[in-house]
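The structures come next, written out as structure tokens.
Two complexes come next, and they have one chain in common, chain A, joined by chain B in the first and chain C in the second.
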Partner chain A sequence: MINLYFRKLTNILLCICLCFFMLLLTGCWDRTEINDLALVLGTGIDKTDDNKIQLSVQLSIPKAMGGTQQGTGGGGSGKPTIVKKATGSTIYDAMSRLQEKVSRKIFWGHNRVVIFGEALAKDGIRKDIDFFARHPEPRLRAYTFVSTGKAIDILEVIPELERSSAEIARELANFKIGMSVTVKDLLQMLNSGADSAALPWLEINPTEGLRVNGTAVFKKDKMKGSINDKLTRGLLWLRDDVHLATVTIEPKNTKGSISFNLLRSKTKLVPKIVDGKWQMIAKITTEDDAVENDTALNLMDPKIVKDLEKQLAQRINQRIRMTLNLVQKDMRIDVFGFGEAFHRKYPNEWEKVKGHWSEKFPEIEVKIDSKAHIRRPGMSTEPQGIPKNEVKK
Partner chain B sequence: MIEKSRISSFQMAIMMYPTILATAILLVPSITGKFAERDMWLSPILASSIGFLNVFLAVQLNKLYPKMTLIEYSEKIIGLIPGKILGFAYLFFYLQTNGIVFREYGEFVVGNFLSKTPMIVVIGSMALVCAFSVRGGAEVIARSAQIFVPLVVILLLFIFILLVPDLEPKNMFPIMDKGIMPSFMGSVVPASWFSEYTLIAFLLPFLHDRGKGLKWGFISVFTVMITMVVTNMSALFLFGSITDSFTYPVMSAARYIDVADFLQHLESIVMAIWVAGTFVKISVFYYALVLGTAQWLNMSDYRTLVLPLGFLLVIFSLWTAPNLIEMVHYLTTTWVFNALTMQVAIPILLLILGKIRRKRGTKVGSTRND
Partner chain C sequence: MLKRSWRKSEKGRKMQKTEYEKKEQDSLSNSFNNNVQNLRDIYKNCSDVVFRPFFIAGKGKAILVYIEGLANTEEIDDNVLSPLMQESTEYDDIKTLLKKRIAVSNVKELATFSDCVDQISIGNPVILIDGRATGFSLDLSKWEQRSVEEPSAEQVIRGPREGFIETLQVNSSMLRRKIRSPEFKMQAMEVGRYTKTKVIIAYMDGIVNKTLLEEVNNRLKRIDIDGVLESGIIEEFIEDNPYSPFPQLLTTERPDVAAANLLEGRVVIMVDGTPFVMIAPTTLYSFFQSNEDYYSRFLIASLIRWLRYFLVVMSLLLPSLYVAVLTFHQEMLPTTLIISVAASREQVPFPALVEALIMEITFEALREAGLRLPKQVGSAVSIVGALVIGESAVQAGIISAPMVIVVSFTGIASFTIPRYSAAIAIRMLRFPMIFLAGTLGLLGIMLGIITIIVHLCTLRSFGVPYLSPMAPMNASGMKDVLIRAPWWSLRTRPHFTGGYNRYRQPPDQKPGPKKGKEK
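Take a look at the complex of A and B:
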């Protein structure tokens, strides 16, 4: 009997013990309530006059964020985000100063964009990128940009369509119209033997808001210059980063122009060393659909389409040549990944030129072998809006 | 016999899978990458040869002394006193190694998730859970492995599949541009992980289908190798030349996943893989240690040793190294020699001596029969 009673007692004690263990499951010392967090949506890094860093963060205001979804209520009372700034010698140092002004714990887990100010980019970004790869909160997926003027101005833009300017920047990078570079990609570029990097160039247009307009070109970690939108296309073609593009050509022997929507494209860089001469053959194939035709050309005519395909390919060639002339010949910075391609195919030869790649790089002869395929004429066959007899055959 | 439950060789194989892999997919890719660079996916293949060798050794030794563990037959092979000394060396080795495993677990959890939680809480709670499973015996560990391992494999596959859109296979070229040496150097540390297959010497006596031990042992080594190749490849394809600059490349890779803007922040999955895997890993080591100690002391039951040794393990985990840097340094230098001596060289010697002894024994026996 006593034995049975004793067993019952131990069972009860065990139950109490087990209940007590549940307290351990709640996340221990690192418990944080969501309403104690200030979520960073975007980060801007600028240089101050005394060579320190000015860190600006865009924080979300949960109250306003919820309000936009419900529609009713305040009716757009207040901004959904605020921008706070602080200076320090490192990012984390600046952040601790920033924390003094923010009542909630700054949380980096949702930081989607990192924007470098122009002055800082010219000075070198290496020392500021480490934080985003070392601290456990920020993500390597955050997109990086260089801004005209100060990065904080970009964060302070009040957007119309999206909730925050950081969101705009992220969406723009996601479209891949221009360069789209994550922290991981940037680290890879800086680590590669080519010693160069290219980041999208973000600018504020007083009437239109934010815009990705071209590319900032880096030698090592210092920004050396920028190229415009048009030349960026050439860069994207060579880097095999073209995802969303419209190509408009003005066909010969007729008036008007035709627009094509790019479906997919593939670029293959084939390095070759022939008799000590370094060559790079860029093989580009693209597939397009016609979406607009204001010429009198009949897009159902195989002959015409064949001719158009040739002109399309030529157009791509032109774009790439323009970019090469500036970036390869003038700037002498290898942002195309030529170095990597040579390293992969000719590791021994690469070993020899690695040290003076920036001298070797401009000497490389680039051959462009592009092929365009027009797959479909769209939903119409002959050009719309003109009499049948005026259609060119 | 001290352990009464029996397990199947399939269960042994499934227990050993996380025992090697759990810690090997976190710290090791970075260490391998440091030496092998873009040939890091080759290293586990080279390293697995040690695993195959170890399984073979353990099975051969087990054939000589079918009902005994490493601690028991080393006394038979090299005599009582030297055997006891060797046994103590093994027990101490497993005590320290398991301490390191605990520490790796603690470092990872504290470093990535619970940065303000004292490490002893993280390690202590794991030690407590493992103590329960060790107290339950080999069968309990085997059954919990049967539940956890499929989960671990599925979650790992889930992560690899979600990573596919971001992978760039061209990162692996040029293959072996500096010869085989870099990948060979990179395979040394994983090889010391594979040498942990010696632990099956503590499990083989309790198999009810001992004939299949070798087959399932080899299958287990092979699956571990494949998994390590896939993990290293996915880290390499994603990060390329910067793989070795991350402390936990697989963890960083999982954090990079972003599918369709909503499937993201998946590091908790890595955490789940890690906790489930380490639980089995620590349990197997813990079990070998407890069982070995009981046999070394000629005790009739090992259960009383579970908790005291657990305390010792927690303390060892804190003593192992002052910080992560020292621990990684230890794992790439001393530990390699330590592990390969204890788990490869000594078993080879034991097998040779055992074979000689057996031959002499049979000769003596046959002359007697005449």
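Take a look at the complex of A and C:
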């Protein structure tokens, strides 16, 4: 009986002791209060003249940024963000210099945007992207951009609608009007056999603020050139990345134009090797709604719609051809993912051309097989604002 | 030192019998004077005990003993004293007199003093008669009692509005009114050396597990205590794991809840002097079920059950999750949210852990104060409390606004748990969870959850696993845990308590046109 009682007591004492020892554990070591953090919203990476890296970060100022101000603090007092910069031989090196200037711990967990300066991009981004893949804090889901001029200038833009310029860049990437590439996508592109990448091109327009204007095209990790907005559309069609698109056509045999809003589109790349000739068939199916019609065509007429569908498909073909001409023939950079497609379907043949893909790539014959469907004529049936008898049947 | 304390407790085990207990053991003697003297000795210095000597039919010496306020004096005068004292009454044998003259329904013959004391103490007057070695008790007790009201701790929108009261007889009659079958049994026993509190074990013969009944009986018999003032005292003596924060007996004030549990094969323990009856065995899920679940329509009842499960988890984890995310895992919140939170925390001087603890303690203090204070002051407390922990603390920059939201939501969530004893257990566990979250982050929360789940798995209530029917899994039991299945599909009784008499009702009682051909 006494023994049992003793054992129970020692057990309880032991438990209490263990609980006390737990307080000595190093559980708290990475505990940081949220008001000791400086949240990085966007990162800019530039090259300095002496071949070092200039890291610039956009930090949020919670006092000015957070919803309702407490007490008497008037809204909109002061900037919501600050930009700090430092130079170093690597990003982390630069960051530790940066930390010397910032009173709070720099926290990358909320970094949503990585912007490479033009000069750096031309020099190669491989060694800088490693930090974002290796360090545990930055997210792989951050969007990447290449900026005209210096990246820090983009971060320093004070926006009108959003709370920070990084947020603008992120929202623009979210819309997927142009390319939208996350760090993870970028890593995948660089790792694929095609050895190329495409990043959205971000520029500052003095009157309109930030704008995604075209695409920067990378060979290996070096930027080789850029294509404009229009050609980017063709690139998106081929990469099956079109989400928000407006296509306007000017139908034959009539005045005016019709705008279509893209509902959904699907692109399938079908690689083929026939008698040693490499072919790529791009099968594109799009569904569109008519949203504006200033011609006299009656969109309720199935015949007219059939005709329009053909013209729409042709229009898309043209766009893609334009892009192919420039990127495939002139630049000779495979940003469309052709290499991946061949690699999957013809692994053996791929092994042979892998080493000189950039020479093989321009030779590939691309066939575009696009189909367009006009699903809805919109809210009104006949063309509006013209007398009935002028409506073309 | 340990040994000494051990010896001390050993001493306490041998309780000496009181002088009174020795006296009470004796049986009544033939000497009337001796008997009266003994009773007077037993009730020495009891000003409320009345000794009323009188002569039966003017000849036989007799004495009437009763307690003022417990016995119905009007009835005694009319039905006992006046017929017996009339000179015209023939002085017969007392037994025939009782049959002929005394219009009292329940008369008992008593052989010992302890019998007499028992009867007197529950309010029945006792007559001792010259020349007889037995006394007679007359069932003429009457005392003041609270009227039957709706229990304030278990309100319902739909359902019976009566609640148990402090008188055991009334309570058992309420149950009997609900279950009229003679298979509804009630065994009575007495617990408490001084209080001699009547305890009733109620069960359904034919449904209840016999071994369970035996176990309840044994555990109750083991209790040797000087007084039982509330069922909670008995609860601590008979529960399986006294150190667990979780209650292992369901308490209720409602006859309908007790009756429903009886029909599921559980045992109800009723204690005189309290409106709270205990139900054994109990599982964790029964604490999150309200009796109204079974009266409202099953779709709504099922949804509300899910809401409750969610809120139970919230009331246990929300503050600790908030602390963990804010101090360790800032990347888990959406950017805009974290910026808003950061902005509100700009001026707060404390770490999130301390902030959470301050707020939770303040909240618990307010709750406790509101509970104990007289109703007139209660509203003042709530006004002051709302101002202190709401507006002012935030404006002064001591507490951040999101923390106030978290704590108040947690408070509301904990109030949605229908059984107060379970709600308070979860509220208590919240504090260690906050500590774990503040020191080890989400890892600590996971550790805490694992510990709680392991503990719940080891718990048993009268041999029934506490997490049943979830663990061990019993598919048909899920009908009353995950959802509240419609009554016509709730065919079986709970596995562990109703195993002997499994089926509640025949199948195919779903309303609607008959399936198949009509004969």
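Note that in this section the second predicted complex is superposed on the first by the 358 of 393 C-alpha atoms of A that agree within 3 Å, B and C clash if a C-alpha of one lies under 4 Å from a C-alpha of the other, contacts with A are read in each partner's own complex, and residues count from 1 in each chain.
Rule of thumb we're sticking to: a contact is a pair of C-beta atoms (placed from the backbone, for glycine too) under 8 Å apart; a residue touches a chain by one contact, two chains touch by 3 or more.
No experiment lies behind these values; they were computed from the predicted model shown.
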item	value
Chain B versus chain C as contact partner of A:Arg7, first or second or both or neither	neither
Which of chain B and chain C A:Arg139 touches, first, second, both or neither	both
Greater chain A contact set [chain C / chain B]	C
Chain B versus chain C as contact partner of A:Lys306, first or second or both or neither	neither
Partner chain(s) touched by A:Gly109 [first = chain B, second = chain C, both, neither]	both
Which superposed partner A:Asn35 touches (first chain B, second chain C, both, neither)	second
Chain B versus chain C as contact partner of A:Ser192, first or second or both or neither	first
First, second, both or neither for A:His343, with chain B first and chain C second	first
Residues of chain A at both interfaces, chain B in one complex, chain C in the other	27-28, 30, 109, 139
Contact footprint of chain A on chain C as seen in their complex	2-3, 6, 326-328, 330-331, 335, 338-348, 351-352, 394-395, 397, 401, 438-441, 443-444
Contact set on chain B toward chain A in their complex	111-118, 121-122, 125, 170, 173-174, 177-178, 238-242, 245-246, 252, 255-256, 258, 261, 264-265
Contact set on chain A toward chain C in their complex	2, 5-6, 9, 23, 25, 27-28, 30-35, 37, 39, 41, 60, 62-63, 65-67, 69-71, 107, 109-110, 112, 137, 139
Complex contacts: residues of chain A adjacent to chain B	24, 27-30, 109, 133, 136, 139-141, 174, 182, 184, 187-188, 191-192, 343-345, 347-348
